[in-house]
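Notes for the one structure printed next.
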Amino acid sequence: MEEIHPHRRWYRRPSVVVPVVLVVIGYSILVSPLVREQNFFRPEVAADGGVTFDWNFFVHLFPLMLQGLVVTVKATLIGFLLAIVLGFFLALGRRSKRRLLSWPVTAVIEFIRSTPLLVQLFFWQALVRASEGITLEPITILALGLGIHYATYCSEAYRAGINSVDKGQWEAATALNLGPVTSWTRVAIPQAVPNVLPALGNYLIAGFKDAPMGVAVNAHGLLFFADQVRNDTFRATEPYLIAGVGFLLVSLPAAWLVRRLEKRISYERV
Amino acid sequence: MSVSETTTARDISSKGAAGVRMRGVTKAFGQNVVLRDLDLEVAPGEKVVVIGPSGSGKTTILRTTMTLERIDAGTIEVGGRHLYHESVNGKLRPAREKHIREVRSDIGMVFQHFNLFPHMTALENIMLAPMKVHGKSRQEAQALGVELLDKVGLAHAVNQTPGQLSGGQKQRVAIARSLACEPKVMLFDEVTSALDPELVGEVLNVLRDIAEEGRTTMMLVTHEMGFAREMADRVLMFDGGQIIESGPPAEVLGSPQHERTKAFLGAVKSH
Amino acid sequence: GCGGGDNGSEDDARETLTIGIANEQPYGYMGDDGKAAGFDPEIAREVLGTMGYSEEDLEFKVVEFGQLIGGLQAQQFDLVAAGMYINAERKEQVQFSDPDYCTKESFAVEAGNPENIVDYQSFAENPDLTMAVASGTVEVGYAEDAEIPDEQLKPYSGIDQMYDALAAGEVDAVSGTAATVSGQVRSRDNIEAVDAFIPKDAAGEETLPCGGFAFRLDDTEFRDEFNTELNKLREDGTTTEIITSFEDADGNPYFTPEDVELANGLTVDDFTK
Amino acid sequence: MESWLLSGSQYRLLLEASGTTLQILAYAFLLGIVLSLVVGIARLSERAWVRGLALVFVEFARGISSIILLFIVAIAIPILFGAEQAPLILLSAIALGINMGGYGAEIIRGGIQAVPKGQTEASISLNLGPAQRLRHVVLPQALTIILPPMGNLTIEILKGTALVSLVGMTDIMQMARNIRQQQLADAVGTQPVLFLNVLVLYFILAQVINLLFKVAEAWLAKRYEGGPALTGTELEAIR
Amino acid sequence: MSVSETTTARDISSKGAAGVRMRGVTKAFGQNVVLRDLDLEVAPGEKVVVIGPSGSGKTTILRTTMTLERIDAGTIEVGGRHLYHESVNGKLRPAREKHIREVRSDIGMVFQHFNLFPHMTALENIMLAPMKVHGKSRQEAQALGVELLDKVGLAHAVNQTPGQLSGGQKQRVAIARSLACEPKVMLFDEVTSALDPELVGEVLNVLRDIAEEGRTTMMLVTHEMGFAREMADRVLMFDGGQIIESGPPAEVLGSPQHERTKAFLGAVKSH
């Protein structure tokens, strides 16, 4: 007789747990108050004044760009945390059997999903400014806007994840006379999670790509950096290109990580 | 068209078995009436094989008994208790979820496509219901699971996940999982038709074992006529949502009375 | 570059000129009818009209102030008519016409001026005060010249952003030209303008806060032609008439004839610092 | 009580600006579709270098944020090359189109791959050539799978057009900010109401796009219900 | 292990038929060698049935002949022309795509899962290749399509799409579609095993018709032993990527020589 051991689920495997823990640590550092917004981005090196691309200037912008990048990442992470949680409640609301709840939630989700985040950011900022006694930092407004915007996407991912669980699985649960709680927690959710995680990862990356829009509400991130350097030095090519480089520096590895995670936690279907 | 059938039901008085009684069961999907005013009695311990052409409602009759589809009219009794109804002050009322769940604990079903839980090992698949539904301890459930896997010839597969098993092995685990709930009525819906031809035998052997123990009432949809002939107490021929012929296998399969039965059997055997 | 250059001999064949303005009253802004308004667009229309451009040949584009120079360089505009201050730094990037107006600086502050702000020096003396500056404007330079620490400066990307921030209590003051400040103060509640002043440079000397039209560095021929026509209008008093005709909501003119006179006495070459 | 509406002239301005928004969307969509098809099919090429090149494009176009790409294409690159200026509207559309192409290529690839392999195999066994297989068998079937996500992507691009206000185009978004100045000058209307109206305008545009794609899907579904029917007499004639 | 086989090949001299000759064909998927140094000769017009356990390489041998999988070593000739090779100055070189396409026009294949084009009607399915590959006009293709649908008993289904047909009907359309290319060699891979048992007969009848016309060379993978016995000129038993037994159906199916053949036939029949 073989020794009996439980199936090691994806969340018990070191290859999943270690990166997740690392990410959480990195997250805490980034989100902590230690990471502050830069007020001005003034390059130490001036460009040579020609119209052509100045490599020296370009390279010297790098550390300055990183400071903007970190703020953009921070806003993304805070916003995404909000999105994950809020999205869950939106998904519950939309699935609800009560029309009075599910219908408005659906309408709100569709509305937010199909309008530009940029306009939403302006709207939230205007709303905050119009309301007595509330002041929010631009980065908070950015995180809020991102969070609400992507919560609607996350809620759809949750819904798709649950729907992706094969109908036969629910039927097997009924045939075994499992109760609703057991059916959800032991049968449906464990199978839905691997389907949801990659989508969430992709939305995290998408949120990061939208975060530079914060410049419109004055958050001092990656694009604000480029704008300021341009206004200061009247040179546009180098700051925007290096902003692009900084961007890919984060988004490409992140995309790669998400794809790996996706492979790790997927298992053979029956 | 419907043949009245109660006479051929053999009565096996076996402890713990339960019969099934359907009266006027009707089930429609939209315009498509799949079961028409169906009467059917299955005695406790009886082994009934259901045959019939595609779309005749064979699967539907099992699924309504398993409460996977609700019926539109009629009643179903399992082990003498109404499945979809409760009697309140002597009158039948639609049953509440709690009542349905209670009666359902007597019924088990095995599916064509196994429906094993892919994120659990074979053993965990079997242990889930005993622990969560019957309140067994982990030790008890484990002992039961190992015993059942032994019984279906898969002692070595305790730790394997469904993804690591062949089709025949998966189906045997699914049968063991169903047995773990100790159902009094077991429903089998074409449990071998998703398998490679050489793997069919191993699953039929397990079914044969269960049938030979004799305790459990079995309703089996299958196209394996040889197997039906050998183990069935009674064969029901379905067409258009009704039972058009019913009797011992030798009669129904050997000298069918009804034209459609002849045509169907001819089509299945002819090649 | 496209648009400028030739000297008016082929009047029929004018290409469309694109003119950059920032959304800032009264310098240049979008009027109720969706057309460009403001004194610089008006003067530009006059000048270009004498150069043979009809109204249909002119296309105005509203962008953030900070994008004007970049847009000009990127050939999105052929000239900038936004009352842009002439200074030495900008002259390295673009070339200007002679100035058409001069003005003073001011601050918008909370009504009653509770922090008693009078000029840039006030911020250098009180480290608790914060000031909104529009990125890419001369005000950032004035603040630096007054040695105000970066922490007290909050850069914003647009005019409305700064005044909304002041209204919401995010900053204590908004810097700007006296005309802009008085215009914004009139149209908003609960804020007021401090007395206009002439800012000082790092050496403590008064600066020349005058503005003109901006052109690309390689567009000299066009600039010169424009400048010649502009000077004719300066001399016959047209520019004075246009500029002093702009009034705020209360009917007070933004500029005095003296503001324009001062500009008329200067050429672009006077701005060397 | 505050009005939830803007003035008629302000709505007119916003509608005029929608013209610019839709124009950019149209150009970006055209470029995006062409890129999607070319790159999506290249992603499945038998030649490794074609696949690799296509992958690089996809990774770049999806990895970079559309807003940063927009600033690079519309501002940085024209300054760098300094040549005769392409109209800003085209540059903006190019940036958005590249972005769309990156995602669209993956949709096309996914659609093609979702067509069961058996379909390609059947067409090989009928000796159809590679282009014929794509044209007559694979793409028509992939279209059913491609259309819904393409509709969503188009709405994403519509949302993306709001970014062009940041590089100096007067689209709906920029017009809203211009109107904000009017509101201040005339001391009527509040900013939240203004932007709420703008959001509703975008929502309506998105729903129109949605509808167009739904119509296309319905039209496509018809093909699976039986093709151009041969009438009885036609059949007789053939026999 | 491999039985040498050339002797049993019956020679039917029929106009337009083409034989198949494989020499040393080897095909591996990664580490898994599916066909091992395989020699096989099929005479023009011969009907060969291939049997063998799951995974033995039956499908693979058909797929390599249809060029759906490329072979790793060896040669395949169809109708005397090399499929994967061209002779250049008397030496064999790997063939260019153009050559393969030319030789391939002699071969047709029918699949287990039909692989009809779901977005076309039955008639359009059949018309596609004649129009696009053989340059027939729409009228010609239409006439041919209607004729072939008649032949497989589906005259009424011209305007229906696959989604509106039953499994057996779909497979008959697929056969008609394949016939429209007038192949000299036809490959059938378990063409009835995805069908409901009652629908198997109608497809086998069509196959019987084609076989009886006699012109086309046929290679058929099937589990329908009765049918194999009746129509095959020769039965090949596959195991582990090799032919382990080959001969007339009466011999191979009736009195198999090889242990594995006996075991396999036992398993297929036993239930």
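For clarity, chains are labelled A, B, C, D and E in written order, and residue numbers in each chain start from 1.
The working rule: a contact is a pair of C-beta atoms (placed from the backbone, for glycine too) under 8 Å apart; a residue touches a chain by one contact, two chains touch by 3 or more.
Predicted model, so just to flag it, every value in this text is computed and none were measured.
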Chains touching both chain C and chain D: A
Chain closest to the middle, measuring from C-alpha centroids that were averaged per chain: D
Pair joined by more contacting C-beta pairs (A-B or A-D): A-D
CA centroid of chain C to CA centroid of chain E, Å: 83
Mean-CA-position distance for chain D and chain A (Å): 23
Centroid spacing, where centroids are CA-atom means, of chain A and chain C in whole angstrom: 40
Mean-CA-position distance for chain E and chain D (Å): 45
Two or more partner chains touched - positions in chain C: 70, 73-74, 164
Residue list for chain D, restricted to those that touch at least two other chains: 75, 79, 82, 177, 191
Numbers and ranges of chain B residues touching at least 2 other chains: none
Touching pairs among all chains present in the structure: A-B, A-C, A-D, B-E, C-D, D-E
Residues of chain A defined as touching chain D within the complex: 51-53, 111, 113-120, 122-123, 126-127, 129-130, 208-213, 215-216, 222-223, 226, 235-238, 240-241, 243-244, 247-248, 251-252, 255
Residues of chain A defined as touching chain C within the complex: 39-40, 49, 125-126, 128-129, 135, 215-216, 218, 224, 227-228, 230-232, 234, 236
Residue numbers on chain E that touch chain D, as the complex places them: 66-68, 101, 104-105, 107-109, 111, 113, 115-121, 123-124, 128-129, 132-133, 142-143, 146, 150, 158-161, 163-164, 174, 177-178, 181
Touching residues (chain side chain C, partner chain D) in the complex: 2, 20, 23, 25, 29-30, 32-34, 61-63, 67, 70-71, 73-76, 158, 160, 163-164, 184, 187-188, 249
Chain A residues within the chain B interface of the complex: 1-7, 9, 166, 168-169, 171-172, 174-179, 182, 186-187, 190-191, 267-270
